[in-house]
Amino acid sequence: MQSIPIEHGLILAGILFSLGLIGVLTRRNVVFVLMSLEIMLNASGLAFIVAASRWGHAEGQIMFLMILTLAAAEVAVGLGLIIQMYRRFNTVDINVLSKMKG
Amino acid sequence: MILVILIAVLFVGGLLAWASERINPEYPRIISLLIVLLDIVLMFSLLGGDSSATWLVDLQTDWLPRFGISFHLAADGLTVLLLLLTGFLGVIAIGSAWGEITERTGFFYFNLLWTLAGVLGVFTALDLFLFFFFWEVMLIPMYFIIAIWGHENKNYAAMKFFIFTQVTGMLMLVSILMLAYSHYGQFGVFSFDYFDLLKVNTSGPLEMVIMLGFFIAFTTKLPSFPFHSWLPDAHSQAPTAGSVILAGVLLKTGAYGLIRFAVPLFPEASMQFAPIAMTLGAISILYCAKVAFAQTDIKRLIAYTSVSHMGFVLLGIYAWNEEALQGAVMTMLAHGLSAAALFMLAGGLQHRIHTRDMSNMSGFWAKVPKMSAVALFFSVAALGMPGLGNFIGEFLVLLGAFKANITITVISSFGLIFASVYSLWVIQKVFHGEYRNIDFDDSHLYDLNRRELIYFGLMMVGLIWMGMYPQSFLDLSQGALEGILASSQIVATAAVTK
Amino acid sequence: MLDLIWLLPTFPLLGFLSLVLTGGSLPKKIVAVIGAGSIGLSFLVAAIIAAQFLANGEAHFIKEVWVWMSVGSFSPGFTFYLDGLSLVMMLVITGIGFLIHLYSAGFMLDDPSYSRFFSYMNLFVASMLMLVLADNLVLLYLGWEGVGLCSYLLIGFWYENPANGYAARKAFVTTRVGDTSMAVGLFLLFAQLGTLNIQDMLHAAEAQWAIGSGLAVAASLLLLGGAVGKSAQLPLQTWLPDAMAGPTPISALIHAATMVTAGVYLIARTHVLFELAPNVQLLVAWIGLVTLLMAGFTAMTQHDIKRILAYSTVSQIGYMFLGLGVGAYSASIFHLMTHAFFKALLFLAAGTVILSLHHEHDIFRMGGKRKQLPVAFASFLIGSLALAAFPGTSGFFSKDEILLAALEMEGPGLILWIGGVIGAFFTGIYSFRLVFVVFFGESKAHHEDKEVAGFSMAGPLILLMILSVFGGLITIPVQEVFNHGDVHEEHHVSAFMHGIMIAVPLLGIGVSYLFYMSRALSIENLMASSMAKSLHKFWFSGWGMDRLYQILFVNPFLFLARVNRADLVDRFYELLVQLTRIAHKMVAQTQTGQLRWYALSIAAGLIVIVSLGVLL
Amino acid sequence: MTFADLLSLAPLLIVTATAVVAMLLVGILRNYAATAMVSIAGLFIATIAAAMMMEGTNQQITPLLIIDQYSLFFTVVVCAAAMFIAIFSYSYFLNLDDDREEFYLLLVVATIGAIVMVSSNHFVSTILGLETLSMALYGMVAYPLHSKESAKYPLEASVKYLVLSAVASGLILFGMALIYAQTGTMAFTNVTNLVAPSTEGLSDNYTIIALLLISAGMAFKLSLAPFHIWTPDVYEGAPLPATAFLATIGKTGMFVVLLRYVEISNALEFSSVVTVFSFIAILSILAGNLLALLQDNLKRILAYSSVAHMGYLLIAIIASYFAVGTISIEAVTFYLLAYVIMSLGAFGVASVASSSENELDSINDYQGLFWRNPWIAAVFTGMLLSLAGIPLTVGFIGKFYIFLAGVESSLFALLIVLVLGSGIGLYYYLRIVYRMLLPVDDAVSASNTSTHIFGSYVVLAILFLLLIVLGVYPAPIMAIIETISAFI
């Protein structure tokens, strides 16, 4: 069987990453912003796996697992903050958080 | 060792003065006066050394071995002159602050003494890093003096003073490092020591660039056109003592730097640059004399005249022959006294009638004859009357500069005319004419008291001494200057032939 | 005894110091004693020294008191140089000076700041002596500036009136212009000849410079600049008439007898230089001629008694310059001395008149005063005769010599002579115009005046009268100073020429008689034509020189000063500050506080740096 | 993993143990003082331990951690700083109407992350450390969330920080992945000349992009322009101790990683990377100083100034490529140390003056401080002048180092910018100083209701002492830094 050229994998990861980034930029709902972050992190995880497959290592996949936990932690903290935010402002629109400027 | 003591005494004394305020707000001024007097006494011990040797004292110990930076203090005749001037004006400054500074005296005298300490450091440091160190150290207390005890617009003035000197100082730091690094390139070791760096032979555009770093820093402090614009504000806002130190001593550090470092370290570049430098000097002389004439704020006026006089110093230094250099040194000393005295008079007036605006003043001779006579004396000194110190300086400068560059010298000598114009204008405006006090309350317009008379008397004696028998000063600086000249012998000849 | 020459300036200096340090606390009597006494003492010393010097007949005598400064090859000293020339000068200064001090003791009696006056006077005499006794140009320059300062102080003596202050500043600054050119001359001489000791310098110049060489011309021109400044010659003469704002004794001492002749002294002292530059020397002559004529015209139109005398001074110094120009140095010095006599006399007399008439200056408001002011009248009569070079008076001899010398000079000599003679004619007119208008005719003055002339005032006047008459018989010992190119010995001039020279002044006197005494001719007719009016106006304003300088120099300077009061350079730095503030405002806009905007900025930044990285 | 390895891991282990103990303690009895004591003591012991180990410890423990003198030096710095911050925060949170103990937990955990970072030479450990640090910091930033008075900003700050730094972590991770794809190892290695014939395709541009992604992420954490925008808001919103932690320890850890990675990977071989770094440096210096110029909020001023300072540091990093000696690395090291000292001092003064209820973060609050409380004011002035790089202070020596590094590598364009930036910088530092010199304004001085704790003063004194001593006689520390810099 012929293997997929590494570029394709990386490019896919890149596209995913950009999608995530765009999501962060465009979404006003904090929950979606968090999800977009997830996508970005996983995209880089994917990139690790692709790279690992190139070298036939396990390290890349271990790294992916680590990224998963990491992302989970991020989201945990994030959600906690979102709850506080909802309590205070009764909305999850990110634009309410713009008191500090200048 | 004596040099370290000289500086340490002031640092410690400053702390003492500050601490003593808690006991009694009268103490700081007494303490600091004693401290400075003690310092002067110590200075005289320097004169004891054999004058044959160029360097009277020379002390060197490691400081930051990583970069070959050493704690290197030394003094030659030139240094001693400037040290004595500093000490003398220190006393004068304390005297002028005696009645004027009433609150936070402790901190004031602390700053005053630390400024003096920094200045002494600048005059004695022979390691460029150490020199730069002191160069900056003397600014901070000065900043405080202006910013705390200054007048209506002190924040602006203090800020301007600090930023000007600081930024140009950083340029100098870059130059110092470039020089040190080229020493590293040539000898394989770092050194910031004056004598080591003299050996470095940079040349070409690089040398010019490095030299400019020094030049800008020093001419900003001097100050010279076009870097002078911090001075009028600083002077007009500073308390009298501040102005005295500023005009009398701090400006001289710039000139000292040029004589000691800028030219000897970069002979060729300096010689290529000399015409421009002399032109700047000439411009300062004429331009600032003209601006001075236009001022109505008496302190601003005097400040601009200072710039004008410093122009002569710049001219003399870059003429770079013995007459001109001696003239520059004499001008430094004489201007130190005359400008300080004029600022004290202006400060005295402001203290008495709470205004510096000359358009309100007129005919004070009738009211305060002593003060007027003193003012007359010092403005006459400022316009270069023979028999007083300033004349010796300016005459020698022009005499030497004429050898170096005829055109510029002739143009500069018009400064003598302008000087007479503005000096006599002050006398006319403030002291002559009909006395009237429409715009101010003259209830406190009393004549000079005994203390003031003593200080002015001292300064008068100094100026007359310099004017009638300058030899006693010239002899001191001669050895040093000849040494410096010799160190750039090629250059000196080049200058003469130019 | 000669070694005591340093006492000469010392006495007045001590007088000055003692008066200043006591600060007007002394009673007037003592002040007068100190003030006049110090000068008297130095006159005594001067006389003794003079006698001894002439007795042991050396060419010159040098006394170094101390080395002033010594830098490299430049080492002027406080060194006094005595020879015939400085001898004459020092005697004139101390002698006349003493008389005038004496006079002032009475004249200033009711002035509040009596001691300030005398302190300045003493300082003046001290510096003047420095000037004439200096053996090097730097010391001379010290005296030179010193007298300038004193003249400033004394012109502005009554400081309450701003006009006086203005006149004083004008005098100082104008002369300072000349002084500066002189200073530059000093620099040039030192740079070229390596010394400023007058004698060495002159010898060096003779040795190194060819006649008419550029350097010689430059040097002598620069010195000439100093001379015209001090001696109020073209083009720097405008300050002297205004200088009359000072007390009258000042005008007598400084602005007639001594200081204003310093320029003559300087040129005579350095005449060798001028001989090395013949054109410059000729220029001196021409300056003298033009000045004396212009001043003569102006003097005829003035009606302030002191201004008339002032212009006549200018014109007389013009004669001296003429003499210097044609090489008659001793004649010029001779005229300098006689002029000192009679002009001091005239001024002091004028002082008496003014004082007696309660500070009345306008001669047309006086008249018929010969009864009331006999002493003044006598003085004026004699003084004017001498001034107009009436045969037999001192002025006659001196002026005669100058004119003869001019005549003998080949080339432009004749023209110079004619001009000088015309000048003499005017001299006759204006001097006697003054006498006739003030002392004859009916008294226009409002009050019956008593002449205030105590002994201290009358004494000097009488002495000066004698000197003015017989001063011509003195022979001054300046031969060996000017031993070359001097024309003191016998003149071979036709009696006809002599006749003219004698006749012309008398003619002038006659004319003024017809106009102002007998009224045979009347000014009114003369002034009828508008042409004459404008001409009169023009002359009256001193040929409009003041206006000219106002427009050429003063106004531009004031304008520049005014427009740039705020210092352009400072504005520039202000601009920088403003730019920084604007930049801050702009950058601060980026801090919107919007999270999504922040994220966007990150993305943008990322794109920027990645493209930077990849494309480069 | 031998016992020796464990021994050389001692500081890390001690801090971890501290965290555990503190956690248990909170579980057993809620006592603010006790928790504080425990964590401070733990951090203190860790500091001592690390300091004592510095002699001759140098070993790679697992592929992840390198414990050499360099990392130990910064372990000391980090632990000490953490300890000082802990002391400051005691008085700061004293009156917080909420559970106060957990803050120390977070603080200690964050410190663990920082220690891992300074001693990591492997992607995994870098990420581990970084995320540990960040996670804890989210909490610290948001800590006074429930307290009524100052409840608005912490939340906003925390959310902003979380979202944006997650993006940055994503960038770093993606970059690392690309590097991994190139090199086949996750340890820091040389990334130049990797275009082997066997691996078709992946050109240098991949590497460059990868490096730039990593740099961008790190630049964000270091708040270098143009990734600095979050900084002022987070600084302002967070409680002062958290801000101090973020500004000092957070930055230090990240910068050490950056230094190590740049040095090991020779990233600067790529001229384009040098260009980008120079671009970032210039932008940071100018933007930071300009933004701070007319700012009235103390925390924001410090935030912007930190942007500028990171720019200065970056100059030294760039220089390290051109220089022959280790001077540029020493410059980075010394400047980091100096920066920690002076910002700790500045924030310390602020937090001593403030409390969780009312933070004195407008410079107007400091009017007349010089006459109200001269000692604090003197310390503050010292810190500010040091930040401005005036002699007699450690900040000047730091600047000196940077200048020297720059001159050595003749990066004159950057130096000119540095001079300009410092010139602008003087203005806002002096503005604060001038405020303190003004006569006392009673209305302001009344509002200062903070509870002063002796400990805080001691810390301030220590910091001030360090500031002066290292500024006047830095020779010993210079020697140490010279030796440890050889390990990079």
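A, B, C and D are the chain letters, set down in written order, and residue numbers restart from 1 in every chain.
Here is the rule we use: a contact is a pair of C-beta atoms (placed from the backbone, for glycine too) under 8 Å apart; a residue touches a chain by one contact, two chains touch by 3 or more.
Given the structure is predicted, the values throughout are model-derived calculations rather than measurements.
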Which pair wins on C-beta contacts, A-C or B-D? B-D
Farthest CA centroid from chain B: chain A
Could you work out how far the Cα centre of chain A sits from that of chain C, in whole Å? 96
Separation of mean Cα positions, chain D and chain B [Å, integer]: 43
Just curious, how far off is chain D from chain A if you go by their C-alpha centres, in Å? 26
Averaged-CA centre spacing for the pair chain D and chain C, given as whole angstrom: 78
Could you check chain A for residues that touch two or more other chains and list them? 21, 24, 94, 97-102
Contacts with two or more other chains occur in chain C at residues 588, 591, 593, 595, 599
Spell out, as numbers or ranges, the residues of chain B touching 2 or more other chains. none
Name the touching chain pairs, would you? A-C, A-D, B-C, B-D, C-D
As the complex stands, chain A meets chain D at residues 5-7, 10, 13-14, 17, 20-21, 24, 30, 33-34, 37, 40-41, 43-45, 47-48, 50-52, 54-55, 57, 59-60, 62-63, 66-67, 70, 73-74, 77-78, 81-82, 84-85, 88, 94, 97-102
Chain D touches which residues of chain C in the complex? 580-581, 583-584, 587-588, 590-591, 593, 595, 597-599, 601-602, 604-606, 608-610, 612-616
Contacts from chain C onto chain B in the complex sit at residues 20, 23-24, 66-72, 74, 138, 141-142, 145-146, 149, 152, 156, 159-162, 165-166, 168-169, 172-173, 176-177, 179-180, 183-184, 186-188, 190-191, 557, 560-562, 564-565, 567, 569-570, 572-573
Residues on chain D engaged by chain B in the complex (per definition of touch): 371, 385, 390-392, 396, 400, 403-404, 407-408, 415, 419, 422-423, 426-427, 430, 433-434, 437, 473-475, 478-479, 482
Chain C partner, complex, touching residues on chain B are 225-226, 228-229, 232, 290-291, 293-295, 321-323, 326-327, 363, 365-366, 369-370, 373, 380, 385-387, 391-392, 395-396, 398-399, 402-403, 409-410, 413-414, 416-417, 420-421, 424-425, 428, 431-435, 468-471, 474, 478
